[in-house]
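Look at the two complexes coming up: chain A is in both, with chain B in one and chain C in the other.
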Partner chain A sequence: MARAEPAAAGSPALGLFPVALIALLAAPVLAGLAGVALPAFGWLPALGGERLSLGAFAALAERPGIARSALLSLWTGLGSALLAFVATVLFVAGFAGTRTFSVLRGLISPLLSLPHAAAAIGLAFLVSPSGWLIRLASPWATGWTRPPDLLVINDPAGTALLLGLAAKEVPFLMLMTLAALGRGGGAATAMVTASLGYGRVTGFLLAVLPRLYPQIRLPIFAVIAYATSTVDMALVLGPTTPPTLAVALVRLAADPDLAVRFEASAAALLQLGVTASALAIWMLGERAAAMLARRAARRGRRDHFDNALAAAGLAGTGLAAAAVGAGLVSLGLWSVAEQWRFPAGLPDSVSLERWSAALPELVATVGTTAALAAASTAIALVLVLGSLEAAERRGSKGLAGAGLIYLPLLVPQVAFLFGLQVLLLAAGVTPGLAPVLLAHLVFVVPYVALSLEDPWQAFDRRYARAAAALGASPARIFWRIRLPLLARPVATAAAVGFAVSVGVYLPTLLAGGGRVVTLTTEAVARAGGSDRRTLAIYALAQTLLPFAGFVAAALLPRLVHRGQRAAGGVR
Partner chain B sequence: MPQIPAAVRLLAAAACLTTGLAGSASAADPSDWPGLLAEAKGETVYFHAWGGSEPINDYLAWAAREMAARYGVTVEHVKVGDTATVVQTVLAEKSAGRTTGGSVDLVWINGENFAAMKRQGLLRDAPWADQLPNFRYVDTAGKPTTTLDFTIPVEGLEAPWGMAQLVFFHDSATVAAPPKSAAALLAYAEANLGRLTYPQPPDFVGSTFLKQLAAELVADPAVLQQPVDDASFDAVTAPLFSYLDALTPHLWRQGKAYPQSSTALMQLFADDEIDLSFAFNPAAASNAIASGELPESVRGYVFDGGTIGNTHFVAVPFNANAAAGAMVLADFLMSPEAQARKEDAAVWGDPTVLAVEALPDADKARFAAATRGVATPSPAELGRALPEPHPSWMERIEAAWTARYGAS
Partner chain C sequence: MSGQPDCLRLEGVRITRGGEVLLGADFAVAPGTATTVMGPSGSGKSTLLAFLAGFLDPAFMAEGRVRLGDDDLTRLPPQARRLGLMFQDDLLFPHLDVAGNLLFALPAAVRGRAARRSAVDAALGEVGLEGFGDRDPATLSGGQRARVALMRTLIARPRALLLDEPFSRLDRSLRGQVRDLVFGVARARRLPVLLVTHDEEDAAAAGGPVVSLRAM
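And then the complex of A and B:
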């Protein structure tokens, strides 16, 4: 493909963007991993560890329940990813293009902005034995006048955590699948398979999915990496006897006895191994599924219980959306409940007192959260756009070192953040807003890149060529043609980045040393507290802030375009 | 928290990133009170204190306003989930060689964490708390735990802030005769399946519940006052663990899941999932009744043989950045005015460390005006508290508990 400008025209300053991008993302991850790997093998001179040994691993193995914790993480992570993936694919296969599809899609999309912690808290309010569902059905249907002693959440097998994670990941996978479907010409293929007599689901699974899958593989890997190592969702929904590995690791790292640091580092490496194993098992599953699919395709059967599969997909995604949505509603009810005793279906009395009491602190916390999110999103946009433009002028396809950019999505946070914390301390960096901003960037940038890369590549380069032919400089083409035409995807990427920053928990906690208070740290800190109404208020605020970002992303591009038309810039 | 300048602070912090924040060692001599006040003026004190309770957070917000108005000291309440993380932060700073400009100026602390910090040299080493002006009002004779924290001598390294005692709560409308001993508790659990539980150790209150049981069950409670002896640990704690083996299958969720904190326990109590709750703050239930979380009929009580009590303190780490400001804050928190406000059930309900009878009349009146909540036992009902065991017991009991019940 011809380029508007030869490579030499790329300004040297622009060439720094990809370098900065990789340094910013890969460096903390790799340094953090080194920061846990060395102590795990006994090397941390600051704490008197000056000889390499396997003592930390031996001590970790002695810890009661650690093997079970690791298995729990593997099982809940893989199980939830599989469940969310299957439900999403079956639903898309069975209903793409129908009215049901657009209705449910409209219901699910807003849930994308819902942070994990708020989703978990809402679900816990909903399904626990004294939760809203049982309150609504009691005592008239169940006969219960006091909550039954049922192990629903925090079950030792991690079922509640698994289902909660799956429900939370469905909207994300759905969005990624739809984006890939739009690019891949799935509708045309579906018409061909239908004309050959294949059922909707069978046709999709055998003909569309094989080409679609490579494009959603990275998001699925990110889901697996997250689900095997989540802390905030596991704290609310997960087992406690013992907890999942990530939670056990956080506790070890918080032990007042610093000698336990070595063990915590070994646990971080174990977490890395658990996530890597989960990804490896998934990849084996990919092969098995591909083999099965090829065999099925050769046999040529046109229908594999298509209606039942489609119904299962609808039920799965619908339930996920309903559960998370109802959880949100119960959050809203609790935030205004004055008294709400079991088994009343609705609060006995309501008041806005908690809201007004929480408001002063809430305003301050929203301010910090929004400032951090806006700053990290703005920096991420500059870096990603600059790197994409640099790649464009170099004439290369795609971002340089894309693998490194997505590293923070695939390496479990808990595995490298503690190493990073030790390094920051050793370097004399005071925990505070600046380290938090940097830590947020590590997670915001990959998601911004993930959202921007495809629309950027899909941009019709003939516009740029026409402008160049008219004598426009590369910079002018970027500012006056490319950026305005890509306003919508840029705004969406910004909203995604904003939401990621708002929802980030552990990096905020560790890099901020507890001093940097965001809506997410407050919500998680209060999840263990007694006042459910204040907790509900923080979880709601945590949901509404990124939601406002998505609304702004939908409205802003229109204003930009209108303004340009008015100024006569682009016609 | 200042509200608008979040973005400004962000920029300022970004500017500081590469250089690190420079800290300066301070003289902070409490024997020179006017000098200390002058040094404190303009300082920002990062007070690391548990942030899981709204009344406490509100009280600290009030204290911060007063400190700013009276002494020109800015107080930032860093809301902590578990004080052990604060100890760890200071220890990490010491390991990294940061002897000044530490991130913690004052920490709410007692017991095991105080013992750990004292042992590892993480506290400001010169005695300071007993030289503060308001320390003379502290009831060191009547409340011996103000100078002996979990059997460890305080030696002026932490300033007493409040009294705590394990208090149980029941709903008098549904449970007329709650269990008042370990044996009665077991009988109650057997008769009422799934209606009792406790916060999962090593949660502070969950561990205290185990200590309460131990004090009642071990053959000779006096051994708990000495450091744990490896050789006899199993034998001494055998009655405790055989009791727990009997109790666990009758617990809420058959002991397969536990609430993770005393506030989570209180929430289960409020949801009517369990029949008994307990807390270290005798006013915990009264606070919750006032805010509508618990029914009016909830009442507090202690076991017939007494319950464990202690004192909670504030301490200054060795590398505090604003030691002078921290000491002025500690003194203010110990003042009759702040203590009387804290004891008022409408504010927090935390019992005072002061000898109220010995106070000047005006201050005595402040305490007389403080209300006591409907579910808060009177000082007479609380009786004399049982002493805390030596901290080493708790570490061993927590580890043994986790191996038996916390790791399936």
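And then the complex of A and C:
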């Protein structure tokens, strides 16, 4: 009955997978950082910089608004992370296990698959002076018959960016919190605190959160790193004069005068400093909060405005979901609006003309985007599964170098990607699809690894032992037992990887040198323009592609396990 | 807060799931006595306890009342019922020291750092753990942890105790000792105790009536 097994899984080559994985995670980040550190101090022989100096920093300091840019990045990044964290925690504290909870929980996956750029564009469509919200309230409530002269988005203080980032990060933090809650005995502890007379929220904050927090700490750090250095969301929602530091950096990097590269490198190091400061401030906050919580726990007060706090959590998370959702709906409306006079709540007439006009170019862009996403996801899956299987056969728990998984997520993208671009240029590599694929992998691999690790560890090893006792080889166990039983989490991880690749902006922009056009780069590029309808079409396409991936991930395992009820039930 | 000990009454309790009757219970537990609910796994023992404590999963439907003295607990939220709950696991909070665990449970009505601390020290003394306040729960033995968990439950001044197989994780040698301590303290404080178990020895040690749940 022996069937041919693919050879790779049984060969010693399996040991190469973890090495490749670690190299892929660490090498681009470290090389990229070197690629900005050296030019920042004046050393870049390709551009004639052969002496170390602080000139680039001096020049950067002379730039008007650079200090304000740095402060804006710090403020919007930290503020959005704090807001998203507080809303998430209060909501989970107040509603875990209730019906409201399961309703909102169902929204997490679709919201999570939504690319940052599409979310930002949708929000801009919703709240801009001529946006849907003001139209719905005009003229009956506001009295406006023309778009008001208000700076709602792109406000100089970065408020729109801060709120937009917070709304987009809530689903991610929620997912991480729920995963951590599922791992530890949160429910039992909640019963103890309630039986001791504690309200839901106070009990959660004082007894459950202290143990939960260490598990969601790295995801929070990743959120802070992203939020302090985002480019795509800041381009759409952020302030313009001056912009946030990351946007200022991208502008410097695109300067036709190559000498400005030295300054851009210095700005990249400054960005690194801003993100590091944000993390340091957060850690100080952690200490203070932990001390306050320990003190409060010793006082024995049972209720700290529990109802108000729970309501705030519900309002925060509900508002985030509603805003992002309504933004998507307004994208849909604009994409088919033929004529839409200002105060009207709905388009005067609709047509699919814009869609058909945009179609030829759209199809090509979807093709490039999907091909990049599929390729990077496939490579990431092979690498991660191979590394997990290699660890399994060595008998070790978890991935080797698991700590490195977060590295590309904790270092600001813009800092090391720019350095990588400088290195590629210096090495004479032409920007194009191959470097873009590599740059996507740097971000796809960590997310695929993060979503596969838990289910892989939770897999009941007795199945594998039972198969081994029946004489099955390790390769056969992997292909015939483990992989089919983990079909569902593998499909989910693939959908996550696909969505990450579709959504990334900077890797495509910097590694592609402007020659590789994806839905995301196109949508962000068009966000600055005046053609709302075509922009809406691209933002929608950017939303639908990863969503289709999640739908496929939900359906495929059912086909694989047709007719077997229990199989595929491994999470 | 009444000074009088109260009787815990289950009146016409019936728990159903999807129209199917899971269990019925109709009995009273007098102050200072322990009633044992026995039944094989799957008979709904823990479901009954969850209902009493206010944690019944929404998948279940329950009718009937739970009374404590003159109060009807049935519609109260869990945190207002003041029922002391103990599980198989001691569930001591690992991020707080032993005193922190007890201070968390001590009612806020006891004010002032010194007064709170001396109440906690007295409670520890009651179970032979003088001077253990600053210890990390992780450094305690199983028997010590069980005693801290008991005092954490009692220091909150519950009006009744609900025990969900609380001795099943303890070593044989410790079991009897902890069991006697729990029932002794409950008797001394005139608390009604409802014990859920599948262990005959536990039921015998409880000394009170035994209610059997059949899987229905």
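Criterion: the second predicted complex is superposed on the first by the 550 of 571 C-alpha atoms of A that agree within 3 Å, B and C clash if a C-alpha of one lies under 4 Å from a C-alpha of the other, contacts with A are read in each partner's own complex, and residues count from 1 in each chain.
Simple rule for what comes next: contacts are C-beta pairs under 8 Å (C-beta built on N, C-alpha and C of every residue); 3 or more make two chains touch, one makes a residue touch a chain.
Source: prediction; values computed, not measured.
In the superposition on chain A, A:476 makes contact with neither chain B nor chain C. Of the two partner chains placed by the overlay, only chain B lies in contact with A:437; chain C stays clear of it. When the two structures are aligned on the shared chain, A:197 is found in touch with chain C, with no touch to chain B. By the document's definition of touching, of the two partners only chain B reaches A:429; chain C does not. When the two complexes are overlaid on their common chain A, residue A:558 makes contact with neither chain B nor chain C. When chain B and chain C are set side by side, the one touching more residues of chain A is B.
Shared contact residues of chain A, touching chain B in one structure and chain C in the other, are absent.
Considering their complex, residues 46-47, 64-65, 68, 129-130, 146-147, 149, 151, 153-156, 235, 239-242, 253-258, 338-339, 341-342, 349, 357, 360-361, 363-365, 367-368, 370-372, 375, 422, 425-435, 437-438, 513-515, 517, 522, 525-526, 528-532, 534 of chain A touch chain B. If you check the complex, the residues on chain C that touch chain A are 53-55, 58, 77-85, 87, 89, 91, 93-96, 99-100, 103-108, 110, 116, 152-153, 156, 158, 162. Put simply, chain B touches chain A in their complex at residues 1-4, 6-7, 9-10, 13-14, 16-17, 20-21, 46, 48, 51-54, 76, 78-82, 84-89, 91-93, 95-98, 101, 103, 112-113, 116, 193-195, 200, 252-258, 260-261, 263-264, 266-268, 270-273, 288, 291-293, 295, 402-403, 405-408.
For chain A in complex with chain C, the residues that touch the partner chain are 99, 185, 188-189, 191-200, 203, 206-207, 210-211, 294, 297-302.
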